[in-house]
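The structure that follows is given in the form of structure tokens.
For reference, chains read A, B, C, D and E in written order, and residue numbers begin at 1 within each chain.
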Amino acid sequence: MNALAIDFTPVWLTLRLALTSTAILLIIGTPVAWWLARTSSFCKLPVESIVALPLVLPPTVLGFYLLIALAPTGPLGRVWHAISGGSLAFSFSGLVIGSVLYSLPFVVQPLQNAFEAIGERPLKVAAMLGAGPVDRFFTVALPLARRGLVTAITLGFAHTVGEFGVVLMIGGNIPGKTQVLSISIYDHVEALEYGRAHVLSAGLLAFSFLVLFVVHLTNRRLQARGL
Amino acid sequence: MNALAIDFTPVWLTLRLALTSTAILLIIGTPVAWWLARTSSFCKLPVESIVALPLVLPPTVLGFYLLIALAPTGPLGRVWHAISGGSLAFSFSGLVIGSVLYSLPFVVQPLQNAFEAIGERPLKVAAMLGAGPVDRFFTVALPLARRGLVTAITLGFAHTVGEFGVVLMIGGNIPGKTQVLSISIYDHVEALEYGRAHVLSAGLLAFSFLVLFVVHLTNRRLQARGL
Amino acid sequence: PIGRHSTNSGSVVDVAVAADFIHTLQDLGTAFASAGGGHIVISAGSTGKLYAQIHAGAPYDVLLAADVSTPRLLVKQGLGVAASRFTYARGRIALWSRSPRRVDNKGLVLRNGKFRHLAIANPKTAPYGAAAREVLQHLGLWQTLRTRIVRGDDIGQTFQFAASGNAGLAFVALAQLKDPAFPASGSYWIVPQKLYAPIDQQAVLLERARNNAAAIAFVKFLHSHRARTIIRRYGYNVD
Amino acid sequence: MSDIDAHLVLRRGEFVLDATFQTPARGITALFGPSGCGKSTLLHCIAGLEPAVRGTLRVNDELWQDSELHVFVPAHRRRVGYVFQDAGMLAHLSVRGNLEYGMRRARRARSGPAFAQTVEWAGIGPLLGRRVQGLSGGERSRVAMACALLTDPVMLLMDEPLAALDARSRAEMLPYLERLHSELSIPVLYVSHAIDEVARLADHLISLEPGRVVACGALREMLTRLDLPFARSDEAAAILDAVVTGYDEQFQLALLAFPGGRLAIPQRRLPAGTAVRVRILARDVSLSLAHHHDTSILNIFPARVLDITEDRPAQAVVRLDAAGAVFLARVTRRSVHSLGLKPDAEIYAQIKSVALLR
Amino acid sequence: MSDIDAHLVLRRGEFVLDATFQTPARGITALFGPSGCGKSTLLHCIAGLEPAVRGTLRVNDELWQDSELHVFVPAHRRRVGYVFQDAGMLAHLSVRGNLEYGMRRARRARSGPAFAQTVEWAGIGPLLGRRVQGLSGGERSRVAMACALLTDPVMLLMDEPLAALDARSRAEMLPYLERLHSELSIPVLYVSHAIDEVARLADHLISLEPGRVVACGALREMLTRLDLPFARSDEAAAILDAVVTGYDEQFQLALLAFPGGRLAIPQRRLPAGTAVRVRILARDVSLSLAHHHDTSILNIFPARVLDITEDRPAQAVVRLDAAGAVFLARVTRRSVHSLGLKPDAEIYAQIKSVALLR
């Protein structure tokens, strides 16, 4: 085997994980951010702080606690087992849960800021043009929060790609199943296979640069046309 | 030795690191974000993408490359040695550099969004009230970008507290010098000292919750008075 | 390389240690100090990480690696003192389950037991993982169990997989089970030495401490009878 | 009886709005009052944009709000067209995008011609592709008006829509606004601080003082009531009903008759028999004892003094009755004295100009 | 000679502003033109808020911009006070915060009394502690005006500052604006689409058509030039200089003399000998062949017809000369015919009302 021969399975897995997680992050994060931006409930402050909390735990430690929660005897794992019959730890679904939890603040906070910056005005204008709440959310709030959305996607995606502490912990580093690129690079470094690590890192950087570049470019295009 | 006896050195070290890094992040990140928000230079896109890049590398791998750069034989380390006579790797300064680099996107992106959301208008108004560019930046742009600033501080601080991959790699886990709380918890988990890990994690969570809560509360107060 | 930290603090020894040996080292440190040796400061990490750090000038005086090849490499690269390199412990692995009576004393559970996941340390980066793979290959189970094997970053994580109940079985270090401070419950099978190549863990005095009396004294101490007793107590074999 | 029936209470900081009024749900009702008296706030409440408002609101026999009964029809279901005071629009859409946004959500699909016609009227054809940020003040308000109309609303709320317009654009839009209530047959609540605009457009008038409604009724009565600010203002005017009786081809003057006499006004041809409405500003009316034929003033007729109010140091408002038609004249106190004006005096009213309303 | 000398070119999408004008750097210069013609854009350029503008700008012998010489004085160094069309303010500061923001950065420290006085004038005392978002349209513009004044500017730029005000507040602020140029002795560029406001306030007039300056000069000439839109508008007016000669205590009328005759106008006492300026609206002037003494019109004097322009189907503008004072009368074509008006005809001008400007 060539010393630099590279297995591409982790690349696809990473891409799949990052895309799935980003999608789920948006689906969960957007309503949370919207609620946080508009509520004046006394729950707002605690919820805001709780969303940011996963950040302060070292990923491996967060992973450790997740591992306990996801275990067949743990709270989440039991529910999941009852529903799907499978186990969460060491599965792709588990990875997604971990990534989502860990990257949530990066998605919620920029979105919340963007929603707050919109203010009441455009929503009132839209209401007067006949748009109901859901309609307003999709046709006014989201487009006006576009910059925040881009940041949320950027941070969420990049962070999921780079994340490895949580993923390593709850994924079990199973090649082809839970061994994502970040772990694979990490393994090369640990195993002193610096050459392969360099190649993979460079590839990851180039690829991510490309993705981020495209996201920012799209954003610019939209900006030029719209806001 | 009591099984739950806890050494508080890592706590102070972490606090010092997080505060220093957050301060430096703001000092570096704010001008970068301001420039990104207002430039239409063709450099904008590449710079935006580069700022986000450290995110996609697994922290340990980023740490590995930093280690190479900071080593006395590495590019940064050599310069530093020439200036200060000391070494960057395995020093507090090195930790700060690592944390700053890794957390930069979390500070730059929300700030940039906030600056962009301000628009030209208030700056023009301030100019007409006699405020020069620097004056405008501090008295108009920053206050109006307050929400972004809060997010930047929150994410930057929390991420530095929770970060451990980079710090472990370039800090070397030296008790009293570079062994921060996250590493210390990690060590306890690794060493199967779950009890201590739980206590430290709970303490860290409680403390961070408190910090974040205070930040958000201050933000709210300011919001109620100002924007 | 200049370490601001320990150049003239003669009585302090910075020891970099592979994670599995950390508790043993703590005990050794206490013993060393009480023997008038000096104070040791422990930095733990995976052997791979420690190598990269030493390469980048980390201020460690002694490395207690989890393998043989890393100290050998350091010596070859002029970062370790050749004469000081020696095997301070020989690790042993055990198959462990947190449920009592799950694991029989022949390891038959691997062949016919019902378990979803078997945790081993990453064979690529952790010597204990390599040993576990060898055992499985020896038993002819490596291929059949392939899909059920989950890999921890190191034996610490591997232990957590099993301890949290996510993996039914795990190949862990015997030292982890024997740890007097945290005696493990459940059942285990100490894998016979003939099923895997010895996990020799070597120590080496690092070049920067070539003339550090305290460090030299500590390495010497590791050879002592007192030290060997302590090491043996944690389930390691010592020559 | 289709009415707008409101009793709305809202507290906003130190400002308390407590407005009770009733006005017919047809034609244009003007909301008139000083700066900061709560006109915009009242429109917001009616539109349903102030969830904190208490009270009841009934429009066209539909209950839009009753805080006792916990009825609150949400803003977008009220289907009102709102021209905001700052001509608020959706910043992320182009001018066309804004127009279509409301049109697509209208009760009934509006036809293409309606779009083209509205764009034409507002004079915003060249702006359609533009972003709304670059629009000038006047352009903004024209686009905002077009937006509101295209939502096919059941009621229009307009907050000083012409304030940012120059005289020419304003003159161009006024006739269309005038036709709104006959063509669209929807009620319009119209905030304005320009009495001439109000007099010209409105059928009804709601007069506000800070936080409350002080008077509310038909425009005509309100304008000549000397206890209200209108009759005392520089723009005081009376409104008369008249009928077209003929047309002077040579000089292009329409000839009108009203109970008190005849009027000739510059105007394009109108069919004889058309009922029209004219406005006579108090400041355009001078009085004389004899009927002079050698002046450039065309409209002179006999009238009887009803009463005289000396509302300013040097001036007075004289209420006149010309065979039942009541109108006002603003003269100096000196003239009151020198002409010996007093109630029941018979004099000639000379009217310098008359504006045809519709 | 202290002048404002501008030659400014700016392209913005399809709109191109190419404005060249010169106006004295004292008194009030009105910028007048239809919606979207570039008035606000021009003010932005003068303020230095449009970095893309090319050309030259010289104010008071200071070179503010010369794109050839690469001179561009940054906006905050020009020390102009700007009242934006939307009354833009700093949203994160209270009303007081906004006022103080500019005051603290003024060239010379303004005294406390200046602050109190300005607040008093603008009538914003009760608003000082408020956030700027809650302000009503009229309140906003008053605060914005106070802000601009408190920066102690070398020039004021005002973009339709009174458009959002009701008649009463407008009437209250106009006199103060009138006093600006005598008291502050700084030039004011004043955008307005209300001819009456312009006639009342301005000394000079810059008339804009989309993208360019079509005329520029002293207000008085501009207003009566029949080739410009002013004389043809409904608000056409002439401005005369007069001197106070006496006061009628009984009826509180000021007696004025101008070359062509005498005027009596409702006015508080003015010292005899004061030079004043009055505005006579063309629509307030009627003509007669004889001098009638039995009417309520106080001001009647002989005049000679200069020329007659039939600018509308039914109406004409008659330019009159009363011993050198030129003014306008709007009459119907029928009256021109029936009174036999033609150049050099001698007639009597009856003036219904006269406004004292200052």
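FYI, contacts are C-beta pairs under 8 Å (C-beta built on N, C-alpha and C of every residue); 3 or more make two chains touch, one makes a residue touch a chain.
Quick caveat, the model's predicted, so the values are computed rather than measured.
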Shared chain contacts [subunit C and subunit D, defined touch]: A
Furthest chain, CA centroid comparison against subunit B: D
Identity of the chain that, by mean CA position, is farthest from subunit E: C
Centre-to-centre distance between subunit D and subunit A (centres being mean Cα positions), rounded to whole Å: 57
Distance between chain centroids, defined by C-alpha means - subunit B, subunit C (Å): 34
Where subunit A and subunit B are represented by their mean Cα positions, the distance between them in whole Å: 19
Interchain centroid distance [CA atoms averaged], subunit B/subunit D, Å: 60
For subunit A, residues that touch 2 or more chains besides their own: 60, 64, 189
Shared interface positions of subunit D, touching two or more other chains: none
Shared interface positions of subunit C, touching two or more other chains: 49, 52, 157, 160
Chains touching one another, given as label pairs in label order: A-B, A-C, A-D, B-C, B-E, D-E
Residues on subunit E engaged by subunit B in the complex (per definition of touch): 47-49, 74-77, 79-82, 84, 88-93, 98, 101-102, 105-106, 147-148, 151
Complex contact set, residues of subunit A against subunit B: 45-46, 48-50, 52-62, 64-65, 105-106, 109-110, 112-114, 116-117, 147-148, 151, 154-155, 158-159, 161-165, 182-183, 185-186, 189, 197, 201, 204-205, 208-209, 212-213, 216-217, 220
Complex contacts: residues of subunit D adjacent to subunit E: 12-14, 33-36, 38-41, 85-86, 130, 134-139, 142, 160, 163-169, 193-195, 233-235, 248, 250-253, 264, 266-268, 283-284, 286-290, 292, 294-298, 312-315, 329-337, 339, 350, 352-353
List of subunit C residues in touch with subunit A within their complex: 46, 48-49, 51-52, 73, 116-117, 119, 122, 124-125, 149-153, 157, 160-161, 164-167
Subunit B-facing residues of subunit C, complex: 1-5, 14, 16, 19, 22-23, 41-45, 49, 52-53, 55-60, 154, 156-157, 159-160, 163, 176, 179, 181-182
